[in-house]
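In the two complexes that follow, chain A is the common piece, with chain B as its partner first and chain C second.
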Partner chain A sequence: MKKKLLLVDDEVEICEFLRSFFEDRDYNVATAHSGVQALDQVEKFGPNVVLLDIQMPEMDGLTALRKIKEKYPKTKVIMVTAVETQDRIEDAMRAGADNYITKPLSLEYLEKDVQEKIESLAGA
Partner chain B sequence: MSGRSSGSVDKKIDYQQALRDVARSMVRLRKPDRLLKLIARFIDRQFGLRHTALLVHESSKQRYVFVDSKGTGRVPVGLIKFDADHPLIQWFSVSREKTPFHQDYLLLADIRKNLNKAHFRLAIRSRSDDLVKVQRTMGMLKVDLVIPGYFKNDLVGILMLGSKLSGKPFTMQEIFFFQTLAHDCSMAIKTSEYNQSLIEKNRELERRLTEIEKLRYKEQQTYYEIIRSLAEEVEAKEPSVYGHVSEVEKLGMMTARELGLDLAGRNKDILSAALLLHDVGKIGIPDNILTKPGHLTPEEWAVMKTHVEKGAKILEPLSDFKKVREIILSHHERFDGTGYPRRLKGEAIPIEARIVCVVDSFHAIVSNRCYREGRSIETAFLELESCAGTQFDPVVVDAFIRVLKKEMAEGNVTASSLQH
Partner chain C sequence: MFFYLRNPKTVLRKILTGLILFFLGAVTAYLTSLILPWFVDAFWGSHPFTPIFIMTIIFLVAFKPIERAVKWFLEKYFFHKKSYAQWTLTQLAEELKTNLDLQELSNLIVNTLGEILHLKTVAILASDPLRGSFEVTSAFGWPLASPRKVCLNEESPLVKMIHRTGPHVLVREPLLKTLTWQGANDLARDFDQLRAGWVIPLFVGDRLVGLLALGAYSPDTIFDKGDFQFFREFAGSVAVCLLNAQVVRGLKTENFELQDSQAEWFQKTKMSAIERLAAGIAHEVHNPLAIISGKAQVLLMQKNRTPLEPHIEDALNVIVKQTRRAADITKKLLVYSQASKAPRERVSLEKVLDDTVAVAGYQAMHDKIEITRAVDPDLPLFLGNVQELREVFLNLFLNAAEAIGSEGKIHIELRRSPEDEVIEVRFSDSGKGIAPDDLEKVFNPFFTTRHDAVGLGLFVTQQIVHRYGGAIRAESRPGEGSLFVVQLPLSKASSREADEESRQNDSVLIRNEG
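Moving on to the complex of A and B:
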C-alpha cells in the first residue's frame, strides 16, 4: 500500500523538516499551510494520513478536521499541536481525530503512530 | 557566507579564547538562553557547519528540548523532544565503559566504523542495538558529532554538530574545544537553575514571614483590644471620669500634630495607644483609693503612684508596644526632674509622655470630678502656663493652648464636650 502523508502546519519550516523526515522513510509527502489548503490537498492528493495543526490562519485545524472527516471518513487524521488543554483534546476527539499529539513531540512516537494508522487502513 | 572563518589557525584560537572568556563570564546569567544562542551562532559562523543545535534538559518535564538550531539541517525549535529514556539520552546517561566510546563525544564516522566490526558488535551486544538507534537519530538530525554536557553526573544537555560545509573532518583540537563549550554551557544552565531555585525559596520564605508578621500583628491587635476594654473598665470604676481617655486621646493627637511630630505609620498608633492606655495601670489600684473622695494619705498616694509601673507591666506581652510602655511609664515625670517614677528630666522624658502629661492634667482640671466641679478652660490654661517649665514642657503647653484655641474657634471642640 502506498504511504501518502499530508502535513498541515502554518510554519513552513516544520512542514519541511517533517517532509524530509518522512520522505527518508519512503513516504509520499504533500504539505499545506492552512485549513483551506489542507482541504484542497486532501481532495487532490488523497492522503492516507493527515498531520494537522490546530492554530492556523484562514481555517483552524478543528474546522478542517470536521470537514475532512465529513467527506473522507476513512482518512486518518492526527492532530499535532502545541495547545494541550483537556477541552481541546476532547473537542478534537469528538470531531473524529484519530490521535492527538502535542509539541514538542517524540519523532519515534510520531513515526510509529503514522505507521500504525497506515497499517490499520491496509488491514481494513 | 561571509564571516565564515577560513583565516589562520592563530586567529581561530584567539576567537576561541575570547569565546571561552565570554562563556565563563556569562556563567552567572540568570537566564542562560541568550548565552546558549550566542554560542550556537558563534559555532555556526566560525566553523561553517551544516547543522548546529543545542539540546537542553527540562528538569520539570523530564525531557530534552532544543534551545537553538542553526544551519541548513536545522530543526524547528519547539517541534521535537527527547524523553529521558531515548537511546541518545541513555547513551550518555549510563556508563560507556568497555565500549570504544567512553570519551565524552560521539562521531558518526566512529559509530559506522565500529558497527561494521563483528567483534565489536559481539563485545557490546545489547549496547550495539542502542548505538544503531543513536546512529539513526544522528542521521535524522543531520549531525555528525554529538558532545554531552554534564554537571556533576547529570546530563544537562547535548551539543549537536553537523558536518563541515568544507567536507573536512573535525580535528581533536576542535572536539576538545567543543567539549569545553559544552561544559561551560552546562555550568551556566545549572547555575541559573540553582539561582532560580534560590530566588523561589527566598520568595517563599518572604511570603511566610509576611504571613507570620500578619498573624503576630493580629494577635497584638487582639491583645490591644483587650487592654482597651480594660481601660474602659478602669473608667467604669470611676464613673465621674467616663470619657476622659477618649478626650485625652483627641487632645493629645491634636497637640502632636501641632508640634509637627512624625505621625506616619506605626507612630500614630503608638501615640494613640499611649494616650488611650496611659492610666490602664489603675486596674491594679484598690477601689477605696481610686474612688476616694477628698485627699489621699501619703501611703495611699504611694499606692496610687504605682499605676504607671503597673500600666507598663500590663503591656509587657505586647512586643510592638515597647514605646507605648515607655510613654505610659513616663507620663507622670515632671519637666524639672521631680516627677515619678524615675525622676527623668526635660528631653529625657519621651516627647509623647510630655504630651500625655499636659493633656491629661488639662482634662483633669476642666472635667467634673466626684469631689469637685470642673473649672473653666481659661483657668486651666492659666494653670498650665504657671506650671510650664516645672511640671510641663513649655513648648508642649504652648502648642497645646495654641491648637486648642484654634480648634475651638473653628468649632471643632466645644467647652461642654471637654467638661462633660
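Moving on to the complex of A and C:
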C-alpha cells in the first residue's frame, strides 16, 4: 500500500521539515497551508493520513476535520497543534479526530503514530 | 402583679363585668328567695349573702353566654370604638412603619392580629410582582404540617373578586350567597385554602399588594360590622408597610443579582483574558519551537546514513531537550489558566495515584527507587477534575523522585481524616531534603534548585490545591528527606454521595482522558 500523507499547517517551515522527514521514510507527501487548501488536497491527492493544524487562516482545522470526516470517513486525521486545551481536545475527538498531538513534536512518536494509522487502514 | 400586666381598661372591664354579674346574681337570688322562700331557708340557712355569692359563682361558671353578652354590652356602650384591641392595632400599625423586613413584618402582623382579636387563624399574603402571584408569607394558627405554600394568582376567583369589589372587606358567608353555585364553589375553595372567614385586601392606591386572611372568630370575640371601617384604615397602613418592605426586598434581590453577575462576569472575563493570553503565547512559541526542534530531530535521525560529528550530535540533542523545556513552561501556564473551568466529577484518588505511578513510575524503577503505598480502604470519592488531580500527583511524584536521584524510597499515603472531613495525600521521600531557607520558597513560581528545571511544578500544584479550598505544606530535614502533605476538603455533598456510591459500587470507574 502506497503511504500517502497530507501535511496541513499555515507555518510553511513546519510543513517543509515534516515533508523532508516523511519523504525520507518513503511516504508520498503533499502539503497545504489552510483548511480550504486541505479539503482541496484531500480530494485531489487522496491521502491515507492527514496531519492537521487547528489554528489556520481561511478555515480552521476543526471545521476542515469535520468536512474531511464527513466525505472521507476512512481517512485518518491526526491533529497536530501548538495549543493543547481540554476544550479543543474534546472538540476534536468529538469531531472524529484519530489523535491529538501537541507541538513541539517528537518525530519518533509522530512517525510511529502515522505508521500505526496506515497499518490499521491496511488491516481493515 | 396580675393587674400591672394588664391594660388599665382591661382591668376596668373585668371589674365592671364582675360587678354586673354580681348584681345579676344578687337580683336572681333575691327573686328566687321571694318566689321560693322555702328553697332558700331549706338549703342555704339565713345569711343573705351566701345565696347571692353562690348564684354569682354559678353565673360566672355556668352561664358563659350571659358573661359574653355582658362583655358585649360593655364594649358597645362603655368603651365604644376605642377598645383595647383597636388601640393595640393602631399602635401596631405605627410600629410596622419602621420595619422594612418583609418576613418580620408578616410575622408581627399575623401574630398580633391572631392574639389580640382571638382569631383561630390569620395569614398574610404578599404579592410577588415578578410572578404575578400572591404567596403566604406568614401564618398564625395554621397546623405546622399544613403546606404554607398557598399561592393565589391573578386568575384566582378571590383575586378577581377583589379587583371587582375594591378595598372592601370580604366576608365569606354573605358573599357566597350572592354568587351562582359554580362561582360560589370556586370562591369557597380560595377561602378554604386560606382558612379564612374574612379576607381584607391590602391596597395602596389601585395596587393590590397583599391580602389578610382572617379565620373565624373564637366565639367570645367581640366584633360587629361597625368595625369594618376601622379594618379598612388598618389595612391601608399595613398595605403601605408591606409595599415598602416589598420594594426593599426587590432592591436587595436585584442588588444581589447584580453583584453575583458582576462577580461572575469579572471572573469569566478575567480568566478568559489569561487563558487567551496563555493560548496566544502557546501558539506563537510552540510553532517556532516545533520548527527548531523538528529540524534538529530530522538531522539526528539522518545520522544512520550520514554519521554526525559527536559535538554536533550533542548540540542537536541539547536543542531538542531545551525546546521541550521551553514548551513545558507555556503548557503549564495554559493548564493553570484554564483549570478554573475544568469540569469536576467524582474521582477515585487511588485511581489517579495508579495512573501517576504507571506514567512516572517506570523511570523511578529504572533508577532503583522503591515505591510503597498505603491507601485507606474507605477512601471516599473526591469531587474534582481528573486532569488537575493528576497534575497534582504527578508533580509531587516527580518532585520526590528528583529529590532522591538514583536510589531511595517514595512512600505515598492516601487517608481520610474524618474529624476535618478532608482527604490527606502524603508524599514522603528519602531524598536529599530541602534547606530550611528554601522550605518556604518551594511553592514560589520559578523557584528551583535544579539547573534544568522550570520551577513551576509545585507552584501549579499549590494553585490547584487552593482552588479546591485545600492546603499543601512541606516538611523536610536536609539529608533525611521531605514530606509533602496535601489536604483536600470533602464537600459535604460529595462526601455523602461518595460514601453512598462507594457502598453501592466498589469498583469505581473514572473517565480516562489520555
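Things to note:
Criterion: the second predicted complex is superposed on the first by the 124 of 124 C-alpha atoms of A that agree within 3 Å, B and C clash if a C-alpha of one lies under 4 Å from a C-alpha of the other, contacts with A are read in each partner's own complex, and residues count from 1 in each chain.
Here is the rule we go by: a contact is a pair of C-beta atoms (placed from the backbone, for glycine too) under 8 Å apart; a residue touches a chain by one contact, two chains touch by 3 or more.
If you're wondering where the values come from, they're calculated on a predicted model, not measured in any experiment.
Because the two structures share chain A, they can be overlaid on it, and in that overlay chain B clashes with chain C. Of the two partner chains, chain B and chain C are each touched by A:K103.
Once the two complexes are laid over each other on the shared chain, residue contacts for A:F45 go to neither chain B nor chain C. By the touch criterion stated above, A:Q55 is placed in contact with chain C alone, chain B being left untouched.
Of the two partner chains placed around the shared chain by superposition, chain C is the only one that A:T85 touches, whereas chain B remains out of contact.
Judged by the touch definition given at the top, the superposed model places A:Y72 against neither chain B nor chain C. In the superposed model, more residues of chain A are touched by C than by the other of chain B and chain C.
The contact surfaces that chain B and chain C form on chain A in the two complexes overlap at residues 11, 13-14, 17-18, 21, 24, 82, 103-108. The part of chain A that touches chain C in the complex is made up of residues 11, 13-14, 17-18, 20-21, 24, 55, 82-87, 89, 102-108. Those residues of chain A whose C-beta lies close enough to touch chain B in the complex are 11, 13-14, 17-18, 21, 24, 82, 103-108. Of all residues in chain C, only 275, 279, 282-283, 285-287, 289-295, 297-298, 301-302, 323-324, 327, 331, 334, 338, 342, 387, 513 touch chain A in the complex they form. The touching residues of chain B, when paired with chain A in their complex, are 63, 65-66, 74-76, 78-83, 86, 140.
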